[in-house]
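Remarks on the structure that follows.
Chain naming follows the written order as A, B, C and D, and within any one chain the residues start at number 1.
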Amino acid sequence: MIFRTDLALEKQEALEDASPRGVLHAVKDENGVRVTTICIRNEKGEQALGKPKGTYVTLETPTPLSDKMLLSSLRRALSAELCKLLPQSGAVLVAGLGNESITPDALGPRAAKHLFATRHINGEIARVSGFDNLRPVAALAPGVLGQTGIETAEILESVVRGISPAAVIVIDALSSRRLSRLGTTVQLTDTGLSPGSGVGNKRAEISLRTLGVPVIAIGVPTVVDGATLIADWLDSYGIDPRMEPQFSRESFMMVTPKEVDLLIDRAAFVVAMGINCALQPTLSEQELLELVK
Amino acid sequence: MIFRTDLALEKQEALEDASPRGVLHAVKDENGVRVTTICIRNEKGEQALGKPKGTYVTLETPTPLSDKMLLSSLRRALSAELCKLLPQSGAVLVAGLGNESITPDALGPRAAKHLFATRHINGEIARVSGFDNLRPVAALAPGVLGQTGIETAEILESVVRGISPAAVIVIDALSSRRLSRLGTTVQLTDTGLSPGSGVGNKRAEISLRTLGVPVIAIGVPTVVDGATLIADWLDSYGIDPRMEPQFSRESFMMVTPKEVDLLIDRAAFVVAMGINCALQPTLSEQELLELVK
Amino acid sequence: MIFRTDLALEKQEALEDASPRGVLHAVKDENGVRVTTICIRNEKGEQALGKPKGTYVTLETPTPLSDKMLLSSLRRALSAELCKLLPQSGAVLVAGLGNESITPDALGPRAAKHLFATRHINGEIARVSGFDNLRPVAALAPGVLGQTGIETAEILESVVRGISPAAVIVIDALSSRRLSRLGTTVQLTDTGLSPGSGVGNKRAEISLRTLGVPVIAIGVPTVVDGATLIADWLDSYGIDPRMEPQFSRESFMMVTPKEVDLLIDRAAFVVAMGINCALQPTLSEQELLELVK
Amino acid sequence: MIFRTDLALEKQEALEDASPRGVLHAVKDENGVRVTTICIRNEKGEQALGKPKGTYVTLETPTPLSDKMLLSSLRRALSAELCKLLPQSGAVLVAGLGNESITPDALGPRAAKHLFATRHINGEIARVSGFDNLRPVAALAPGVLGQTGIETAEILESVVRGISPAAVIVIDALSSRRLSRLGTTVQLTDTGLSPGSGVGNKRAEISLRTLGVPVIAIGVPTVVDGATLIADWLDSYGIDPRMEPQFSRESFMMVTPKEVDLLIDRAAFVVAMGINCALQPTLSEQELLELVK
């Protein structure tokens, strides 16, 4: 049994070899936010971390997102890191994935409500409203397979073919190994979404390979696998749950803290604002706040 | 000034010539529901009614939808009329149009939540769950231009190209000339959506011509144009508001009754269930109710 | 037939005699907000306006509440006028009346969500949190008779007896004669609530007489009576609808604009913040915004 | 360190002595629902279970509440057990406690929305509507201290003094020791609410002693204390977490499963319908369903 997490950072932390081959690793602290960049450079790195080749940036804050200064630092760090991963110009399609009616999976759809869609603001309207230097942004909340009957990947492929963006950003709720990371950590990656990851276990890959344009995935952990939680504690006492017959993975649920509503609302807003700021450098944070609130 | 309505029936009622050329008209009553079928057959008919060529079926109930029997009759009539307009087999894409956060425009998105999406239920899953004779249905709530930056028509074109359905059904809130029709009347048409109709004044055409497959539009009036309301009363006293300088169309709003929340919820549920029943003839109404509630 | 309104200002405007006996009337403009104070001083005034003796302050803004500056002016004017009507010290019970699930009647319950309740912040907690000079405020959303089986007046009487506040503020949605006033006008009065007023036609009186402490009612019109709307237009053409057999009051609904959701949200927030500012003069507007948002 | 639970049944299960003095214990199975009745008869029993003297009835279903038959069995069992604890006639006040905006604490307010309030249906209205044999029921969702500034106990005391019911029922979310009990177990007790129990840790006692009338508390566990979860596993390996310095209770959260929204909705509906059926024996389950849905 291996613990379950969608964070590259937690996979790295779990390795016995702190510097495996094929993996680069850098850490910096910025206004209270820890920024860890992990680059998986080749197949050796892929095997070591069990994740596809690419860059994974993790933003961590020490405490739940109740501190206004910290929220602001996190938003800025997210915006800065996103700019590095995105092409510098061209239209961007942002998709908030997940099921709006299951709170821990609702990060994507809730973030989508705070995105500033601009693709339709052009020509006369742009001139009159003073919005004449906007980067074109389209925003979608495509729903989940059980509601739509269509794989999310399939909807995105169709829309990408229709509107030809320069890049796609997908927002999704993740699972973490630690309760303390829920709602306090953000992961950005240029590898898109892997099959089977995320809270709702979305099935199909969403990436440069499948969409034909760069795909940046932004995720926030909102659940912990119950089996992982217990196994970690047993492990710290030298007990290997894989050897224990009464420890059956199936008997566990994904758990989330009691305060999940607040945690999702805050994280969705930070992620949406981080994206808005990265995509519209000609507008101030204050202007964007008023446009999407 | 001409009064505003999205209902072919109200345009017909307003004509001085009760049987204009190029327009066929039939009425029947079924379990308390009046079913009026208007066929616009040629350009003469199009000019007379100001609507594109095609079939418009209007279902009217005498009172607000609080009577359970009547709700049930309406659902059945809707289902029966829809079957006549739809191709007999093949996948169907159903799209609930409108803005979920403006109640009178939320008919489409709310109906989408009660649709039974089945396109992904096949192979092993279908056999195991006993759902092995379902018609493939995909369901979407694509949002509105101001939220997404993409014309609804554009999203539907992309998805239609991606999943190749045999037909498309769009659900949308409409405007009516009379307060008494709000939430009590349903219009079905095989002409799809015309530019500029609907509560949110959706702009681009959605039809066989633009999507390449038959498009059935199902609408329920949820607003009345304030200017139309007043003009109708003035007209009944022989006053022509067009001649009156103080009567400026711009000074009016679209209005909706105080009970709009209940009205939209009931209408969305009836429309969704009417569609579910028409698309899944192998399931009983009771089975479908439990699947989508 | 008399038109229907809950605003003293509209009753005054409708009088043929602009200065009836027993009624004082003053108007001023403050940063774009028109403040009209009407004092009904005796029975003569009560007969003229059909309202109980007392002070009615109406705050009007020229346009819907989309302008940030105007929202801010309205909040301040509301706060200033409320201070004049309230006792200067002592605990205050604020009650948001109405039915949360009928949007035009939801002003009170939604405002209650943005109130800063402070009655429980005292002793050690107050010292530690730095909140040591707060006026005690209790906040309730008691629901409506159909949901609770208890008259709102009865609940308030019980709670007033239990917690002995120095004054009560009730927030309620009102009806207006004009569509243009919906969501743009606020009425404050020291007469409390009259039987039969309000969107949900609350039945029992809530006032100094029934509660034993001063009752300030703050209301925002959110609906117009359809019959009033039509009758006003007919009247402007010299037609008296009372003489017309086809004009039956019963055939009309209360109507509200299509944008009712936005209108209620904005008005609820302005009213709540106006109350918060009036009750906590030791906190800045910015501090209060962050506490209740 | 003692594990945390609000269920008498779990306290009993944890005892080394299966039949402590002062505690009676009976189990029966009814249509798939296990009904355990624990009577704490005296101080000895109070010390053994750490709960006040009285009757605790626990209804357990083997699986999450997705099975329609089981939901129905649970509803009936709840109704039958509630009838045994309630006085046979007289008005009843039902209060849904908790914070509506924190999902795991929202059981009470959500159940309150499905209660059939009848206290106001009398005289002419009752005769006309055919409801002439109803037991008077009042229903409240009083909110939480942080929102209202008033202790829930204080609001209930005031309202009880005002309307003089024969009994009070309070509905509240509880904590359990086991994830598998969340949303699948219901506890009824005639001891009311103890200080400090419940998901939101409501502080003041609500009981016959404080309200002066019998108080039945109905609770459903919706959270598990994280520390309890881990400690239980460690304990099963002979590790006593109380001896472990790294095991600090404070570092844990209350957790809830990912599906908390669905779980709360279902449990709230079952509890409300169980109460409705117990209080209105002259109406059928079907009639009540249509009245409150």
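We take it that a residue touches a chain if its C-beta (ideal position, glycine included) is under 8 Å from a C-beta of that chain, and two chains touch if they have at least 3 such contacts.
Nothing here was measured: the structure is a model prediction, and the numbers come from that model.
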From the mean C-alpha coordinate of subunit A to that of subunit C, what's the distance rounded to whole Å?
44
How many Å are there between the centre of subunit A and the centre of subunit D, using C-alpha atoms for each centre?
38
Which word fits the touch map of the chains here: line, ring, star, complete or other?
ring
Checked against the stated definition, the touching pairs are A-B, A-D, B-C, C-D
Provide the residue numbers of subunit A that touch subunit D in the complex, in ascending order.
101-105, 179-180, 199, 223-224, 226, 229-230, 233-234, 236-237, 239, 246, 252-262
Subunit B residues touching subunit A - in the complex, by the definition given at the top
112-113, 117-121, 136-143, 145-151, 154-155, 157-159, 161-163
